[in-house]
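The two complexes that follow have chain A in common; it is paired with chain B in the first and with chain C in the second.
What follows is the complex of A and B.
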């Protein structure tokens, strides 16, 4: 497994798209702290990057890489290597590269310029999102054989989690505005990893706006330790569930 | 000029004999008296009583003649939690300084205080420490009185049982300065108090307001710090209040704000700092106010200005990193927002004159949505909200059209 991961990491490290993405993230991470002298605002800007750009790139790139290296995987599968090892190797290689880029471009500046609770929450949420979206990307690519369709589907998944879900949530809230919907909404946010990560970070930063009558419900939940643990746990579930499903499919698939 | 000379002459002729004739009495073991009450009873007007180191279990000390009472370090007057005043001053020109006054009990029938002035003018209350007292200093029909450098502390748990640190009623021309006030209901409470000056006080950790005005006119408060109170300052039903260079810090909670303005008019709010409050300024029925050169940093909502506020001028303020900059409950705006710096402003300045070329609308759609559905706070910083926001800013439909800053600053306003 480690050998496969090592090969994949070495391969990715030379990939032009990865280099471009790395440079983009480095400019974001270091540039925002250079421009913004208020670290809390910088954290919020980085939150946008983590919730918007990073899931998109992770999804598209991981999916694309899987499709492009299908022949390589076929070759390896012909060797006496277990499918399990092969799949774990691919997943580990991809997530290692993304995590490294994330840590270098956003992790280091946050730890240097704003080593606060909110900064650490941001890093934790961002790191977990990488695993979530790598797993989802593999799930999509393993299931959809056609590259174009697979990529289209990945885009759809991304836009669902990034926009559509929240739009539906807003619609739901408008429809049921007369009812005490705080708790149902709280439950519904757990069905979207981006929402979990967002609220987890915000509950550590801008508590003031979340206060108020219904904000108190969220604040009590996410601000407390058990809420933080629940959020992290749910993100882990969101990473492991697609991973397990993709793994199941990959092991049985006719490559 | 001739009048002035006469006045000075008059002052000298009146002041000198009393100064020369005033006696000095010592209270304490080995002094002239053992109790303060005995010393007060024996003293002639304008005498000076010095209270020496020791514990005095006395209360209801009625001062009905002009006296100067000073305490040596270590002089403590303890009311033993009885619900009675320690000092009750009914005479003009009394001076009380340097005491440690403690343990005035709570009563629901009588608002007992460590020092109470009733119909007394020209008093000086300075350098006292007042701890664990129901009310600290209570001013009733008082004028021209100086309350400075006092430290008033209590640790009340509930608002209903708590008294105010400095309570003034139906008074005028007070000067309240450099006091530290904490753990009471209100740090300073003004009711029907006119022409007074409050400066350089530090009011923190009070259960209700750091400073509270009711029906008080032509007052000023300058350079005070209000931190961690349930709400910083409440100015209600008052006119011509000047509020300058105060710090409103971290007034935080479900119903908290830095400054509450209710039914007030013709005031000035200048050069204050509002940092980390749930709501910076909450204005209801506030008219003809000038808010300028204030700094709003990292508040939940910087200004919540209700639709019944008219003709206010909000100019040259800096709004930095607030979650919501301006919130209102009306589609119309009868206030003028001009030349402020908004950190949410994304416009440009082609002619480089420091003024943005595109007007700025500080009320955002999300503020309006959360106003209607509080549960929508859940979607703060969500991508969908950002998208809607962009659409709304480009083609305004729902947010108040008139509430715009027509000449937003490109760089923050800098103080001298």
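What follows is the complex of A and C.
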């Protein structure tokens, strides 16, 4: 497995898209702290990067990489290597590269300029989201054989979690405003990893106005510490469930 | 060496292979032929474990293919189209493969094709920058590199220049004399005629003919493989049990 992830990491490291993405993230991470002296504001700006830009790139790039290396996977699968090892190698390679870029571009500046609770929360949420979206990307790619369709579907997944879901949730809350909807809203919040990460980070900052109704419900229900634990737990579930499903499909799939 | 038992594969409703019973032994160089969509590539991919059969099973040296990847130590594979990680250099690919195969000692490497196909000269080139034919050469050298006892070659000569083509065919003949099992899929019957001593003709997922080249020659009264195949297609007589 390490051999395979190592080779994937080496391959990705020279990839132009990865380099471009790395430079973009470095500019965001270091640039925001250069122009924003209030560290909490900087954290909130970076939050947008890890909630929207990073999941999008992770999804698209991981999916694209899987499709583009299918022939190579075929070659590796002809060697005495277990499918399991191959899949773990691909997942580990991709998530290592994304995590490294994330740590260098956002991790280091946050630790240098704002080593606070909200800073650490941001790093934890961002790191977990990488695993969530790498797993989702692989889940989509192993199920959809056609590249164009797979990438389209990945885009749809991203826009669903990034905007559409929130819109639907808001609509739901307006429609049923007169009923006690706290619990259903809480349950529905768990169905969106981006929402979980957002609530988790914002609840650590002073900017609770940004929490929104679902965040307030969440905060109210769990309290600070339990809320954090529940959020981390749910993000882990969000990473492991697609991972397990993709794995199950990959080992039984016609390559 | 390779045996299939009631092997079937369906893609959706379409049955690509149905109830295939075959036995292939060491020393045979088998031409796996048949029209497009007859199931040739599917069969080789099932042997390689890349495609999972709908029912039935394949045994390689008595080991069930679905039970684990270890049987692939004895398998060399050359795919129809090779695509490697574009940024990787040729020497890195070979280094990676050597690292993935600690079971083969360095003294056991079969570098004959590696040398005759002049892979060394492309060592520092990125695999993505190689032409299709050059990638095929890398792929051929790789298939033989770990000295496998079974070789599965999918359209090996397509895209190779005449010199490389002859080199590869000579290597295949030699491997067959060394009592290896070679299964070659191709539509270039002239090439196959030079390297094969057995023929499996698949038609619509069934074995239409399986036997040695001599048997086929006797059955069809023809001398050239392409004539034999034509006569085979015309004759409705079904199969000879494969030995």
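What we mean here is this: the second predicted complex is superposed on the first by the 240 of 255 C-alpha atoms of A that agree within 3 Å, B and C clash if a C-alpha of one lies under 4 Å from a C-alpha of the other, contacts with A are read in each partner's own complex, and residues count from 1 in each chain.
Convention: a contact is a pair of C-beta atoms (placed from the backbone, for glycine too) under 8 Å apart; a residue touches a chain by one contact, two chains touch by 3 or more.
Quick caveat, the model's predicted, so the values are computed rather than measured.
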| item | value |
| --- | --- |
| Which superposed partner A:80 touches (first chain B, second chain C, both, neither) | second |
| In the superposition, chain B vs chain C on chain A residues touched | B |
| First (chain B), second (chain C), both or neither touched by A:185 | first |
| Touched partner set for A:15, first chain B, second chain C, both or neither | second |
| Partner chain(s) touched by A:7 [first = chain B, second = chain C, both, neither] | second |
| Chain B versus chain C as contact partner of A:71, first or second or both or neither | second |
| Partner chain(s) touched by A:252 [first = chain B, second = chain C, both, neither] | second |
| Which of chain B and chain C A:112 touches, first, second, both or neither | neither |
| Touched partner set for A:224, first chain B, second chain C, both or neither | neither |
| Touched partner set for A:23, first chain B, second chain C, both or neither | neither |
| Contact footprint of chain A on chain B as seen in their complex | 252-254, 276-278, 298-301, 320-321, 323-324, 343, 369, 372-387 |
| Interface residues, chain A side, partner chain C - complex | 3-4, 7, 10-11, 14-15, 69-72, 74-83, 252-255 |
| Footprint of chain A on chain C - complex, ascending | 45, 48-52, 68-73, 75, 77, 79, 81-85, 87-88, 92, 96-97, 99-101, 103, 142 |
| Interfacial residue positions of chain A with respect to chain B in the complex | 38, 40-41, 44, 47-48, 51-52, 162-164, 166-167, 169-170, 173-174, 177, 181-182, 185-186, 189, 194-195, 198-199, 202, 206, 208-216, 218 |
